[in-house]
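Naming follows writing order (A, B, C, D and E), and every chain is counted from residue 1.
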Amino acid sequence: MAIGTALLSAARTPRGAPAAIVLVGVVFAAIFADRLAPYAYDMQSLMQANLPPSAAHLLGTDEFGRDLFSRILHGARISLGVAVTSIGASVALGLVFGAIAGYAGGWADRLLMAVVDLTWAFPEILIALVLIAILGPGLGSTAVAITVGYMAQFARLARAQIIALKGETYIEATVGLGAGHAHILLRHLVPNALTPVLVAGMLATGDAIVLEATLGYFGLGAQPPLPSWGAMMSAGVGQMFLAPWVIVFPGLAIAITVVAINLYGDALIDALQIRNRLREG
Amino acid sequence: MLGYFVRRLIMLLPVFLAMSAIVFLIVHLVPGDPIDHMLQIGASAERRQELAAKFGLDRPLVVQYALWLKAALTGDLGEAIILKQPVVDLILANLPYSLALGLSALLFSTVVGVSVGAAAAYFAGSWFDRVVMAGILMGSMLPSFWLGLLMILIFAVELGLFPVSGARSWDALVLPVLTVGIGGVALIARVTRAAFVEVAQQDFVTLLHAKGLTRRRIFFRHLVRHALMPVVTILGLKVGWILGGAVTVEYVFARPGLGSLLITSLGQRDYPVVQGCLLMLGMGVMLGTLVGDLAQAAMDPRVRDRMS
Amino acid sequence: MTDGLTTGVPTTGVPILRFEDVNRDFTTPGGWFARRRVLRAVNAVTLDVPAGRVTGVVGESGCGKSTLARLALGLIKPTDGRVSFEGEDLATARRARLRQLRARMQMVFQDPYSSIDPRMTIGDAVLEPFVVQGIRLTGAARAAKAEALLGMVGLDPSLARNHPHHLSGGQKQRVGIARALALEPRLVVLDEPTASLDVSIQAQIVALLEALKARLDLTYLFISHDLALVRYFCDRIVVMYLGAVVEILPSPAAPIRHPYTRALLDSAFVPDPTRRQTLARATGEIPSAFDLPPGCVYAPRCPLADETCRRIRPQLDRSAHPVACHHPLDRAGAGS
Amino acid sequence: QEVTFAITAREVGTPSYNPITATRLNSANSLIYDRLVLQDADQSFHPSLAASWDQTPDGMQWTFKLRPGVKFHDGEPFNAKVIEWWVPKFAGTENADTVAKVDRVEVVDDLTVRFHMKAPDPNLLFNLASSFMGIPSPKAYEALGDKYGVTAAVGTGPFKMEKFTVGQQTVLVRNDDFTWGSDLSVNRGPAKIKKITVREIPEDSTAFLELQTGGVDLLYTVPVDFMPRLKAEKSVKVMTIPGTEIVYMPINTQSAPFTDIKVRAAAAYAIDQKSIWQSLYGGVGNTANGFLISSLQEAKVDPKFAISYDPERSKKLLDEAGWKVGPDGIRAKDGARLQVKLWTSNGTEFKRLVEVVQSQLKAVGFAADITIFDASTINAQYKKKTEHQLAVRSYSWTNADIIDWFFAARRAGYPNVSLFDDPKAEELNVTAMTKSRTWDERVANFKAYHEYILSQYAFAPIYEPANVFAYSTRRLKLPETIRGTRLTSQTILDAQVSN
Amino acid sequence: MALLEVEGLTIGIGRFTPVQEIGFSLDRGAVLGLVGESGSGKSLTAMALMGLLPLIRGEVRAGSIVFDGVELANRPAELHRRLRGRRIALVTQNPMTSLDPIRTVGTQIDEVSRLHGGLDGRAAKARSLDLMEAMRIPRAAVVHGQYPHQLSGGMKQRIVIAMALAGDPDLLVADEPTTALDVTVQAQIVRLMVDLVKARGLALVLITHDMGVVAQACDRVVVLYAGRIAEAGPVESIFAAPHHPYTRALIGCIPVEGQARGTLIGIPGQVPGLTDYPAHCRFAPRCPAASARCRAEAPAPATIGASRVACFHPLGRGA
């Protein structure tokens, strides 16, 4: 099934529908955060710090008196933005590595996969912490760290797809027509390998949001006053007894978004019927 | 089988070399160096020099690597610059904590994950399946620093069942294990459920039904072994996660462990320790995959035959 | 092993494709898991495919039919020996030359279900040969060409916009044929083109192939495991067993000389309840291609096998009806 | 009879208990080692291992009478020979400055030593009272070499180090021979607590919850956020003692636009110390208006030099300097936006504070981009000298000579983060550091130096935290008043454990 | 009374009704051929006989399956399960995937006799070895301890049949048991099964798409087309004089010895998919003899000679 149709039909399943609604909402918030937010995300008002939710501040305020609702809307943009761009880069890199390794086979394959497996060997959080130590903190480094941390997964998946596809008759048929490597790889192999890798990427986006949050806890994610959900939560840890809403709402935003991504991704996997292809990696 | 094992071990050697080189490079790419931490503010350049010479940090990187690797091969990972102890001792001191936490979390995730996944698969499509799977997923998606504090708040503060933090008694292990384990439970439950659902669709299962076996018997006697195979693979791949993945939890619960050692030493640029930890983790992972493959072979005669 | 074509089988047509003492080995991947094991999929095959005729190849699963087909098209290279198309060695041809040659030899595959890229429309699939060969077609020419090709194989041209999963197996196989014929090849290798289709569709496809051959002056190398079908469709029949050619029937009606061919024929289910056969002529199953017995590879299953058969591997003789057997069934009759 | 103390984020991971070579020491250090003298909260000095002392009028000789009967944990006697061995040990270490002016140590008799000075040092007693001046057992020290302080630490203090695991905990057991407590304690020894486990807890919330549930009995530092909750807790007593720390914003005087003193001043006047003190720190501690902690005499500068929030003045200065307000509220000059870098190091307090500072700077027209570094990287970055502009940081020191640390030209980069290099300041520095003969003279000199630094806006003062600690009254009973500058062994000696 | 009587069997899966009103009967010692092209509902019928439709979310919507006097359709699943393996056994199409890959083939056979015969491990194994020898498996004792992937396809199919026989069933349902096998092996297996039926007095439902197999092995045959019966009757009369145009065409699709080239035509068009089953005669679109009536209503089966034929224009009527 084409991925476009699948996106729609996944959104019509009982599991997919609520998830799709949530995701559309989050993306909407991310895009229109500027218009939707009642306050500027960095507008402080120390006299109004740690206010509980009220009509003026729907979700309350944080320790600097900033409006949590506005920050969560903007946070959608940052958290999602970081997760999506870094996973996007990760998927792209993984595809390149995986496709080359899978298509070339032999020593090129072993070598590339040995490198990939090295990053696979370490927990993503450690990779991220080490990389950020090298690159210095900030959103850019976080994105790089996430990119590297997850790349192995996509490279392996892409490679498995390519290897499986190489055995398909239509590839042999196309070779039989006289096609060269570029044609085979770019016109047939990569496009057909793409779907599962993209879906795996989508699922990983959820994990990336959580990873960014955890890095934020170590002070390494988005730099203040940028409100990524993770940064908001980690700042809220100190406040959790005084003003629990400061940590609860961003936490909920993460949990709901990530669960929605997973549920929708699951529905999508079923719609595309690629569950066993996903496992090959 | 033995031959296979030996061959795999030999194959690990180049991987080990590549890994150690990368580890070494990465560590030395990090800006700042341990001397900064030893010097009082405003120390002289000579003093710097002297310290650098003392720890061999003034030599070319290649030489440093060669010396380190040579020693590492004899089991000597050098002496910590800041922590002033043999790195091996530091690792050995922290390893038991990592293992205790990692293995218990693994056990917990496996037992609970497999049970929950199996139950969900048995009742696949029912409300039970949906509620349980969604619940687990939700739990696993909370960042662990928050989940950890929540656990403390509920189980240690409100209910007073376990100590808040530390690693001084067995019961201090419970909350960290739960915190780390929930993510694993979700992962394993999903893998298990999917595996059950998938094997259940295979031809030979139709034939099991045709033999007149009850659904229960088919499920618990026959499908279980198949469903566990992907779980074993996952577990083999997760050794790194066991040894070093719990940094956040170690931090929140003020527990020792390889992850924390690594992060602290990274902060202090205590190169030998960072290198040692990374190497240790890498080797753990390599061994983990090997053990995973062997377990796979033990469970699956097809794999076994391919190995001989 | 014969000395090849010089003293080989006289054929009526000029050979368009030639196998000269071709071996092809496969090595199972070694590496992490397994010891390397070498399997000889095609064993010392010497064969001419005469132009304008239908040469049939029969044999059971794993006997090397598909490998032979791939070798014929240069999709894989022989381990030893030479495969030449119109006199040119495929193994040494340059890439660009190979591409040109490929326009003149095409293949139709066994499994129609996976022989079209699921992401392509049928129209794109039948036009892909032109893209690959660097032949540019304008929009109108494209549509016309696709229509012509689909029409040629008896498909509704409106299918061009569909994706393969909307088509039935028979329709897909027609698309496969259209694609193979797009560049107007001379040789078409048909690798069990009907094996995965229902009988009613199989018969349609065979009829289509017959018609196209007559119209386009094609040479067929027709591969099948169905002896009855091959006998119906082919001019010459090559019988393979475990990678080796054991008999070449010069015509479908020629008397059978090899015990294996006999067994194959006797195993066929004749659709006539009044002619029920003593089935089970052949006993045992095809041994593993990894460790071939030293003598005749068919000896373990052959009712006529004796010590000689188990020790010495028989060579294809040089008669008009070559057979590789120490005890051919017509020994008394035809001399060799 | 056993208690658990906890040290939190800032002190976590202190790698050793070697006072001679260490650059960081944690709070447990004072339980292991005794010093020659102790300083009380009122800045007065009290005998500890030194029973009495004397200085010649020219300040060139100091004679210390040592307390008799003192033994190290390893049984070695404490006497004049120890001091003779000890003082030279500092040479070449990072703490060398503390005794740099001591020329040599003369053993007068077994219990008397005389310091012969290179130059008078009015600050000597202060230095001797610092935590780096805990005296280790020479025998153990020499035997262990590099590993001293990690595998073992041997002092004369009321507690012996039983086991130390870096980053985790230190187990201390009572020194039953200890009878030489100072007059800052009621109990002269041995301690009433038998065993202390000092745990290191990096997460503040965890530490707080441990105290709340009785998992630990004493928290050495309490994050301000938790104070209201702890105060509400019946079984917890929160105590505040005057702080030793100043939080400030160094301004890189050599990085444009801060080369312009008006821009520096504008940045300094943009900081609203009061609202930070009130809302961020709940009114605990003090606002800071100078560079020194308020208990020092040198801190009492002429009010016209004190820097405190004045947004109008700030804006006016910027206008004068040519920085005009743009449409988004950020100022610009010649097309360049007033975009500056604002750094800090990782740590909950700094991370919070820096956000407020950023927002206050924005209010007057600075756009500040925050970067949060880990502690080791940030110093390396400062040392590059060209990368940084503004920062939020703090120091903890109870002597005016800290101005020299942070503003002397020869230490530009780090610790002179302001890259302050000014002839007049250098002159004042020399006077204050080397030309003062008496304490009063020194005070006057440093005050002048302090005032001059303030007048140049090389930094902006922000906040002076109080030392806040808390303990569980269920298990511990501490004296009502805390003697000394910090919570150290003299208070723990008097501590009682119930049940 | 026949061992198995199926009447008006209609199978539904969700919105679809892939099998409609199928009926046949079968005695002990007889082989019934169920023949039809892909998708004609052969496997679903087999699943219905085995009571395994729930596995694929299917159900018997109408009709009856009477086995040895007991009605099975739409009865508690447990009733059917008790018969499975013991009285009714199944042989499936693909021996490559029909066996559990991680258990030895021996234990898989043993399991049946332990479960249904109440034998202990040793007795079960002895019985399995007997059965394997009856299946002409060489070196049965060795094979007993081997895993499926170590055996050839033909060998595996023999194991599957041995497994089916282990419960001593009365009825064997074989769903295309030889399709995946080599021609030479195929012949052996079919022969083996027919011999077993005769020797043990079993009844066999042999599902196939190959009229050749039917001609060689079956006593009676049911020809299915798109989920319905086209024609049913004794093998001899069906081959000698097919009444349904489809049956005749199907027989004509197999080339026979000496058949002249160009005479093989096949059946034009294609089998309709489940979603576009016409309401009228389903074969009409491909039928050379189709009339307006054929395109308006569905013919009900009628008796012609020894056969039942669902066609408005049966061939050779009165012949």
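Quick notes on this one:
Heads up, the rule we're going with is that a contact is a pair of C-beta atoms (placed from the backbone, for glycine too) under 8 Å apart; a residue touches a chain by one contact, two chains touch by 3 or more.
On a predicted model such as this, the values are computed, not experimentally measured, just so you know.
Between subunit B and subunit D, the least number of touch steps comes to 1. Among the other chains, the CA centroid farthest from that of subunit E is the one of D.
The most distant chain from subunit C is D, comparing centres defined as mean Cα coordinates. The chain pair sharing the most C-beta contacts is C-E. Separation between the centroids of subunit C and subunit D, computed from CA atoms only, is 88 Å. Taking each chain's centre as the mean of its C-alpha atoms, subunit A lies 22 Å from subunit B.
Per-chain CA centroids place subunit A at a distance of 49 Å from subunit C. Averaging Cα coordinates per chain places subunit B and subunit C 53 Å apart. Shown for subunit D are the residues in touch with two or more other chains, namely 203, 205, 374, 377.
In subunit E, there is no position where the chain touches two or more neighbouring chains simultaneously. Counting only residues that touch two or more partner chains, subunit C has none. On the side of subunit C, the complex with subunit A involves touching residues 31, 70, 73, 75, 95, 98-100, 102-103, 106-107, 109-111, 114-119, 128-129, 131-133, 163, 176, 179, 183. Chain contact summary for the complex, subunit A toward subunit B: residues 15, 114-115, 117-118, 120-123, 125-126, 129-130, 133-134, 136, 206, 210, 213-214, 217, 230, 233-234, 237, 240, 247, 251, 254-255, 258-259, 262-263, 275-276, 279. In the complex of the two chains, the subunit B residues touching subunit A come out as 14-15, 18-19, 22, 26, 29-31, 130, 134, 137-138, 141-146, 149, 194, 198, 230, 237, 240-241, 244-245, 247-248, 259, 262-263, 266-267, 278, 281-282, 285-286.
Partner subunit D is touched in their complex by these residues of subunit A: 42-44, 46-47, 49, 63-65, 133, 136-138, 218-220, 223-225, 235, 237-242.
Those residues of subunit B that touch subunit D in the shared complex are 31-33, 36-43, 47, 82-85, 93, 145, 149, 152-153, 156-157, 160, 163-167, 251-254, 256, 260-261, 264, 267-269.
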